[in-house]
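Data block below; observations after.
Order as written gives the chain letters A, B, C and D; numbering starts at 1 within each chain.
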């Protein structure tokens, strides 16, 4: 199995976290999946991902004090494997696990994903539970010094114990049986409690990779949280499909602005099976589980900026909204096929220039030689942004005959302009973007 | 209560760790106490301290793999307070705790100390045990993100929960009942798992201090491990009696050499009730519990250097040896009253100079105006070390009449030399020291 | 000579920088000195200090681009020693140097200070000038890798060349001849260009100390800029009289608020001859040389806070204002003798408590046993601040008979209040302070 | 101009530094060039590079104290451009510069390179020299705070002054006139004096790139010293041809061992026009200019390891030896065409695995699908090293039919072995390597 074939282009899907926090239930997952099948599937959106705490009783019930209730009850089998909490996922009862829900998602022509924390439950270690397929017990493979900085549920696994790989193998055997297509593993991309060794779980990444291979199922492996470590780019590229390049991304301009720095850093690391991940798209309705349901704080122009950057950079696109409440405008943002084309095979994007006021990215499509220009305006007012064709074409090593007459079609609006004075230019709204496809006249 | 009165001079005593590791038992403690009472008490040695894991079953039984067995059984009362393991401390059975042992130590005219880890047992949190004197339970006050980097037993306590102070109060109420005179609290002086916040348990230091005051018993508070943070000197000075200025100290020349740097750093922080702590003296027989019983690796000259530095700096003196096997030479090192006088009230010491080859310290006794000079040789061969009387006296702000004729008595050997050319000099053995008391001729 | 006798209490004086920047001239210095002699001297203010660039031609003439003009002309003698620029200091012409100005200051009963940068002029090194009293030349002692991060004039001196000490000796021989009483040496307390070794000029501090001793003149040595390194406290205490504990301090609340953290850190390091320095007092008119003359941005309450903190902490008091324009209110702030008493011998101050909303300091006078309480309010509105008498007295190890009836006199307003419920309390204005002297009823 | 075309494969050549230090002269350069033309050119070796201080008088004359004599005389034109010192490069006299020497090198069918330090001479700034093609003067563009940590000659240039680009343009106009083909710019890849901003000269890299484009001559741009910053990989790739990935590399096993870590880090960054640089090959005779002429300290096995790693990683190959004294064995190491083939277009290499005892790299040739395996032994004794064919082929995304029978030809010895048990194996000497080309049987 070649993990790079599991995700040849950036995965597109939906994740429950931004809207539901830790409390999503089966009915809600299905409703969102139904919407995706009906409205988004045709544009390439396919993953439906249940995020953190699907195994926890009472999740979300102490939200004023704890996002994750310390030492609370988790649904767990006799081998220390977490199972869906039957109070929220009734179809999981009786040992069915996520199989019924996955079957439903698959029946819609979609794919099913889950979130996990690296490691083994603390309670399993305290109880000395056996590890399936190993003579070791949980207390022997759990590393009591390897904890997550923000979630109290698990212990990381010891590198040197054979039972550690066996435990991960037992997880993915179960997930394969359930029909899981995508696993987002948390507290692993950057183990941020350990400032001097934020890559302390490297061996667990390798174990996850191996467990997937052993499972025989092509499960996309997504690593969280960021920021991913650029000095470990080679390691992510070798073992995972996507990895978060920032800490949690939300609907704040400062975070979006910062993403340009992250994309600059990771621009030469996007390739088949390997996708630096800008995190979920906080669009539409958000935050219900956090006790503060709201529409995204991003302006429409900022949303255009976000979609343009994610697409030309070729980040995975994972929607954070409650899909069933998407409005027409937001839906149109997610279904602009000519923009989404940038995610397809044969494309790549690079930054041409960036300063405090603006950024320019170039995109390239190999087969037909198409060139794209994305102009971003970081200012608080509408501003003219331009880039020289020479720099633009040089950035993507594309030949641009001197003197050739070019036009540029803006892909969000359909407007076409002429390129004058050897430049592509546009008047860009505050915090907004223009995305041009260049053509010979 | 004024905690500075609990230890007006540097505490002197013995600790079980260097020889017994985690496995010391009641009989051994008593045998060592007997020896101290017979041979050392008259020189000021008084504390008998039982170090880590006195509450653990099977302590030391997996020494090849773990010093502290993860998720193992600890003796604990219904309020999550650790009790002496009755397998090793038979007199503790039936709820007596350390009271019988403390009584025995006290009957010898000595004082009794114990080691604790900061926080509450992990098992207490997992079991949601009640906290004595509080309506909160262990899971509410335990911070699942606050762990020790090297011991798996405890969770640190939350600053913001009232039950945290109540838990520490319940501990010291018990210790007062037992008759504990000295508590060495570990994982607190430098919480070294947290590189970016090695003083993350500051609030627990304050709670310990308050718990001691509430207990009504003058318990010396010793903080471990080091290195203590110089930028928190004011805080240690306010709440504790002694704090470790290095990581664990053992019988290696490199560590002893490094102590000169640590003493330089802390030299102006030694005062009544406040003693930067150079750690135990690894003399005599050591290491049995570690599976490698040995005589100290220090040469005799290095041992003289250690004792001279600890005394002129005025560190606490806590012996690490198995006392019952002390040889005459080592005993003489520990019972040189004129050297031990440096620890008495009215003395202080400062570094005069230090480089890669040597160091010189000056000592001052206020009442009679005595001046001491300690010459240390860091070289691999015997070397002449000297210091100008001008620098020496200036360092301790002592007046030295120009031209006064001085002699210097070496306190380890009793030899007396004349000071010539405005200097004190001596030929010092490799890694050795000379300690002079200066006198007018 | 004992340098601790040069400044037995915190130096009080005036410095030209805050108002005149790099451009002060002789006439201005004299006018300010006249004012000090007439209005402030009787309260202990005595030093008149000419700050940076007194040797530079054209200083201040490119203020839009450079505070210090790179590669510009400096007045320098044949030994590479900087001399007052005769364009601004006419009396210095003909080789007189600062002697005439110093004589004038002395004639007023005041003391004279100057600012220097550590090291030797870059131009002296480029020209291979001889070093007085040495066979070495400037290029041999100048370290081309040791530069200031913000001023282009000098190179630091090499530790290992004998000519380095000779150069500093030649400087202080000249300064002694001029009659200099105080030297503020810059780029030395924290060599902040070198993040990994901000104490890279330790040897130059020692050389300055030795040069002062050799000069035979008791010159107060003040080190700048901060923040001083707490781990080198022992070194500052050994060689200097005052050292800056922050970066440049100006009239911004955030900086004043931050000073509480710095004073907390350094509280146990204030003693005869050794004064952690909170920097100049930006009061009255400021900033002319910076092209933005203004009255201090501090509110009156903030000014009271500043004076209270500086006094109870016992920082040097160096006024930054243009003295000749001081208004009555500001003058009263600087001449409250009962507050200034805190600087006298036999006093010390410590922090009792501090959080985000307030701080409390205690002061103690040894001889008569006086106790002070300073209450600071960090909030944006007037707030009740209080401290328990128990904590207050314990902080300064003062005995407070239980039940004793106390009154507290506020030293800025003269009001007297009774201490009730075992507390000292006061309603303190936003960003303001109250300073109480406690008395038995 | 597309800078990636200047160096489509890793540059191969010779550099004067390792043997001659700062003191190489014209005659020596020519002699080495003659040797290269006669013995190495046919294998692809072509660059002859004159390293640091070709402009300095007296270079090397104070070698006991300084490698670079502070404030010494440099040959410089009226625009502050450094010229070859005529004492060592006689043909440069009369304004000819390096043109005659470059002509000679070119006449041999080779290419000519020089070393420069970033910035402008300190003496030019002190003298306020004019900048060619600009109205600014040297003092205006020189940044007095931007210095090299180990060489005292230059100041970095200011980003914001137009004269800075003009100065670099004037340099490359001159170099183009001379016929320079390769510039190694120093103190720029990692400005290691500035620990918190080791990429402080990013703008100077961009200026150099632009100056080369303006010069119209395809000059290879090599950046030094390392370690290059992995987080700036995208920037090096955009503006330079090669960049040093370690600090200076010499003939010590520890440094060679460390290079495996560096190559791991940079493995996915090797491509046309972009070559992470492992530094010069310290082979043959070395160190004469350093006062310690010697044969390389590397064992023959270590030399094989070095050549194998450099080639499979595809580092530039820049020989450090005195070529005229190369022995036959060393020459054979440099002229093994089948090994050097790895540098050709269409090849790439990746690490398969690495631990403390060994490493394995895989190489791939795209056109014919050739696969290479390099086995490295880090142990102190001969050891069996092996790698599974599955991992090997997966690493380079090459298909390996299961069960296919393979042989492996070792390219240094010519031996052929069969692959058994799904592995390539070899008994590898201590610190040695085997380089296999895999073939179907």
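Please note the rule applied: contacts are C-beta pairs under 8 Å (C-beta built on N, C-alpha and C of every residue); 3 or more make two chains touch, one makes a residue touch a chain.
Chain by chain, the UniProt names read as follows: A, B, C, D = Alpha-galactosidase.
Worth saying up front: this structure is predicted, and the values here are computed from it rather than measured.
The mean-CA centres of chain A and chain B are about 52 angstrom from one another, to the nearest whole unit. Between the CA-based centres of chain B and chain C the separation comes to 39 Å, rounded to the whole angstrom. With centres taken as mean Cα positions, chain C sits 54 Å from chain A. For chain A, the set of residues touching two or more other chains is empty. In terms of which chains touch, the assembly is arranged as a closed ring, every chain touching its two neighbours and no others.
Pairs of chains meeting the touch criterion are A-B, A-D, B-C, C-D. Those residues of chain B that touch chain C in the shared complex are 2, 4, 230-231, 233-234, 237-238, 264-265, 267-269, 351, 394, 397. For chain D in complex with chain C, the residues that touch the partner chain are 70-71, 122-123, 125-126, 128, 139, 142, 144-145, 147-150, 152, 193, 195-196.
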